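Going in written order, the chains are labelled A, B, C and D, and every chain counts its residues from 1.
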Amino acid sequence: MTSYRERARGCLLGLAAGDALGAPAENLRPAEIRRRWGRLTEIEGGGTDDTEYAIFAASLLGRHGHGLTPELVARAYRDEIIPRVDGPMRGAGFSELGTVEALRRGLEPPLTGLVHSHGWSDGLAMRAAPYGIFCPGDPAEAARLVEQDGLVSGSGEGILGGRAVAGAVAAAMTGAGPEDVVDAALAVIPGDSWTARNVRRARAALDDAAPDEIEAALHEAVVVRHYPWTDLAPEAVALALAAFLAGDGEVEAAVTFGVSLGRDADTIGAIAGAVSGARQGESGVPARWAARIGPVTGKCLPVVAGRHVLDTADELAGLLTGEPAKGR
Amino acid sequence: MSGDRIRGAVAGLAVGDAAGWPASRHRAALHAPWSRRLHRELDAFAEEHRVTTLPVPFALNQPTAPLAVGPSDDAEWLAWTLLTADRPRTAAFRELIGKDLRARVSVRTALDNLDRGVEPPASGHDNPHHFDDAAAVRAVAFGVLGRDPSDDAQVTNAGDGVLGARAMAAAVTTAVASGDVTRAVAAALDLLPEGTAIGHNARLALSAAERAGEAFAAVPALDAALLDHVYSYGVGAAQTVPAALALAAASGGDLTRAVPAAACLAALADSAPALTGALTGACGGFEAIPEGWTASARTLAGCCLPDLAGQDLMELTKGLV
Amino acid sequence: MSGDRIRGAVAGLAVGDAAGWPASRHRAALHAPWSRRLHRELDAFAEEHRVTTLPVPFALNQPTAPLAVGPSDDAEWLAWTLLTADRPRTAAFRELIGKDLRARVSVRTALDNLDRGVEPPASGHDNPHHFDDAAAVRAVAFGVLGRDPSDDAQVTNAGDGVLGARAMAAAVTTAVASGDVTRAVAAALDLLPEGTAIGHNARLALSAAERAGEAFAAVPALDAALLDHVYSYGVGAAQTVPAALALAAASGGDLTRAVPAAACLAALADSAPALTGALTGACGGFEAIPEGWTASARTLAGCCLPDLAGQDLMELTKGLV
Amino acid sequence: MTSYRERARGCLLGLAAGDALGAPAENLRPAEIRRRWGRLTEIEGGGTDDTEYAIFAASLLGRHGHGLTPELVARAYRDEIIPRVDGPMRGAGFSELGTVEALRRGLEPPLTGLVHSHGWSDGLAMRAAPYGIFCPGDPAEAARLVEQDGLVSGSGEGILGGRAVAGAVAAAMTGAGPEDVVDAALAVIPGDSWTARNVRRARAALDDAAPDEIEAALHEAVVVRHYPWTDLAPEAVALALAAFLAGDGEVEAAVTFGVSLGRDADTIGAIAGAVSGARQGESGVPARWAARIGPVTGKCLPVVAGRHVLDTADELAGLLTGEPAKGR
């Protein structure tokens, strides 16, 4: 049986690989991605905010575990993120930047996540995996915990996107089948939500579309047409879970399909990689991808510079098993 | 008397809509597309050559009338709402699907949702701009009619977007009935829970404006209190409705002070002046609005809803006295 | 007392400069170039998708401070003029050649002319924007000093551009001495011949504003009288100086009424509010300007003249009392 | 000896040919023109406002001759141009459009030419040729007459540009040498003017530059760098007269060089063509160009629709000789 440690390592390696693979495809149309790469299967450069924020989220769990609260998360922002925002803050999403502004003004959660206009950002979904790792087999608790984080920087569908991904990872940590994992994601969010509607719609598109029309059908099902940004959680989470299903829960198939969809491709890849990596464990992540994942640079979050996702995974696994983290 | 205030609310919105800097941008939509493309090219030229002379909308080989002071998007959507107010809201919106029109992201997305079979309230909720003030603008119509704007609002908006509509309608209804800006603002505030962004901001804005003492004086404090500038959408209900309430209050309901102050809140200059104009127009009535403004703001351009080109907005208030 | 009015003229210009919609566009020049390119792309997206949500300057991964209310191009050029006022004008401008700066077309072209050996007055005359109000803005400095701005003006401008500078300097000098807006306007008018565009427009604007009775009320009439919109440069002295004179007069010299009204003249919102602020600030004095505005408008951003970033504009008035 | 009629026909044919040849090169950089066409020598499509406004100017002379005044010109705008501006007015320059607005507001010249910001427009220079035709050998009178027209729609350097072109054509109508023609242009404008400085500077650039650097030297000498529009009379007139000199007063050489300079290429071509055509007469205009010149469409000025420049030339010549115009 695959150990929690192996699944944790697979989850965060898959996240980092999907992030890095998808980065150059962000905001491109699927046709343009095909034109440039055919199928995008090889990591070209480093990862982005998805990986760095996930490491930061894991550090919150390491310190506070099930006792995590929005107030503790806000304090971490104030102590560890804001002092290092030296001039411009690079590589973060609107929601994190808006949250930093709100915290600087002295607001407290949940207002910090409400006063900017990007509550639906996929910024929580992109970093939700550690909460799922921390609650294997308990999607409801994973969702409750990620919401503590999300209340600081998001609201509404942004929090639901985080809950869905944390729930999916928590289920995948038990090796559940792909359909069961997506059911677990749906079980921790209201059925009457944009995210749930999109996940159901994407699933139906997968079932109904001819193989060569799946990309177009998924876009038609969930992509917002008249809005210039692509970092909407209801869209990114639905596309990522669809990619997970389309890849039958296998890391390489799920991630390469996910990034082929364009839009917020790095986050789609990161989520698809995290969920499938938790399900398959470290051995499920292609070795050529794993070889490309080094310590993060801290370009988005200076506080995590030098950290490696595998160390983070080991620490999270250690919290579950009571063992100290081993070397990488 | 309340007829004068009904007309004041409608005309006031149009005046504020016309007063903001973005009005001529919207009205320039009546020009050929190359005209706006050239505008962007001139902006790029200025950037490249480091000249500060910003291009303003121009009418090269195009009619000049759209660039004169006049109403734009918000006045047209208010007119459409007055014209369709007696119809079921979803049905009214459905008739717009496929038409050549221009609208806020919330409305465009809602029409797309309706077209895909996503019904209200999901049409307004599954919507990246659920928070914008499209419904708050339309709510001025329901305010003068004394009706609840919620059914209308939730077609295109959710959350703060719907709360903003309720607050605007209540404030306009109260202002039409009483002419009292303090009571109008209180009626709005009653509908804005403190734990929401719009409720939080409204209280912040009102106290900032009260400290400043006067509408124009309040502008820097409102900018500091309401805008985060990270990605400052100009038409978020949680910013524009509080700004309108605060400036209406700080001016004592005087449109001639409140509307130009709202136009100075640069990032909100698209719709905050319009909402401010509706509130103060309702308080002071039509006759208190400078004649030069009502004369130039009452005829619609059709820049968003082409069918309304040439429509006299004030004609639509005739049955409402 | 005249010291307060000197400070009022300088602060008033900065307040008006900050109040106009274009201020944040100028201040956003401090952001990375991709930020403004993205702004244009968003504008093209809105055009293509027919959404009315106009992009406003934003600070994605950029510092937010430049987008807060604050002074921009005109305040910086006024500061530069105060700092260099005692130097021969051509020599002062020559030092700017090759520097990293942003300026109006007239100034950029004049620097190019000087660099090619074209001396004043040709440097200001052989200049496609000889008519703009760059010199009129700088003339506020000469106005508070009680000096003739002509030598300065003709480096960068000619015709209406120089006349506008003389009129502004005379109006500011008179306002500083008397606090009387009627006398200040009369002093300007004396220097604007009737047969010139600026002289014609000034008389037209003053009578239009007088008929309207009040600053905000005068805006549509000023728009109709002054702007042709065919290709409406926003910074032509023949439009902005008359608008400033008319709004100062219509407000009775009250900055809190005149400046926001000027900001509502959308096409002129870049510099008309600044010039209006200088005139009314000189009439009413520094202490009459709302504190929130003087606090936010006095520190320069360096968006046009990087060396001036952080400079307190009011410090430069210390020796002038 | 070449007759006035032949020179008038050469002048307006040259104007129309230069206008049509230059139209596709307008606002292109010289390098881009070279890339597209090598040397642009063949007319591709129709002419623009230059030709139509020249025909309109000639009609003013036909009615008012030396008695032309700004008031009469303004009345012609009110009677013949404005009523036919049906909705958008196409293909005219800023100065004409601004003048129409000013006339609609009830202003009279010279304010009609002063209140818009394009007094320096080359809109007068582009239509100045008929005034030169009408005053052969009398540049001063040609300049005085064109100024009557110019005071309605321009001011300052815009009027000087018109004076210079009318003076040049008046001199060319006597078959004067190229240098003498340019001297005649300079003689009717103040030496202390932008236009005169630019003409002198362009001439010096022609004298000093190596053959393969002439284009660049002319741009360096007179082109305004930090301004987005190209219809500045001091620039267009200087480049057109430089082209006339560079082509040694021959139509084909002058016009093809003129349009190779880009900027307001149709107007530069029209002016170079008018001056050299007046000098050489109709036979100097390449037959293949003359064959492409038909009646104007009236797309810029509906009142002249259907008129042909050769008829206009004959009428002007008839005014000089007292003979009625012959058929084309």
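Following the convention adopted for this analysis, a contact is a pair of C-beta atoms (placed from the backbone, for glycine too) under 8 Å apart; a residue touches a chain by one contact, two chains touch by 3 or more.
Just so you know, these numbers come straight off a predicted model, no measurement behind them.
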Between the pairs A-B and B-D, the one where more C-beta pairs touch: A-B
Centre distance in Å when chain C and chain D are each reduced to the mean of their C-alpha atoms: 37
Euclidean distance of C-alpha centroids - chain B vs chain C, Å: 29
Gap in Å, rounded to a whole number, between the CA centres of chain D and chain B: 50
Chain D, residues touching no fewer than two other chains: 94, 97, 101, 225-226
Per-residue overlap in chain C, given as positions that touch at least 2 other chains: 49, 51, 59-60, 64, 105, 108, 129, 228-231, 233
Contact graph of the chains (line, ring, star, complete, other): other
Contact footprint of chain A on chain B as seen in their complex: 105, 108-109, 112, 118, 122, 125-126, 128-129, 131, 159, 195-197, 200-201, 228-231, 233, 236, 238
Contact footprint of chain D on chain B as seen in their complex: 32, 42, 45-46, 49, 51, 59-64
Residue numbers on chain A that touch chain C, as the complex places them: 87-92, 94, 97, 101, 225-226, 228
Residue ranges of chain A touching chain B (in the complex, touch as defined): 94, 97-98, 101-102, 110-111, 114-118, 120, 156, 192, 194, 197-198, 224-227, 229, 232, 234
Touching residues on chain C, where the partner in the complex is chain B: 19-26, 33, 36-37, 40, 43-44, 47, 49-54, 56-60, 64, 67-69, 73, 101-105, 108, 129, 132, 212-214, 216-221, 223-224, 227-235, 256-257, 259-261, 263-264, 266-267, 269-270, 290-293, 295-296, 304
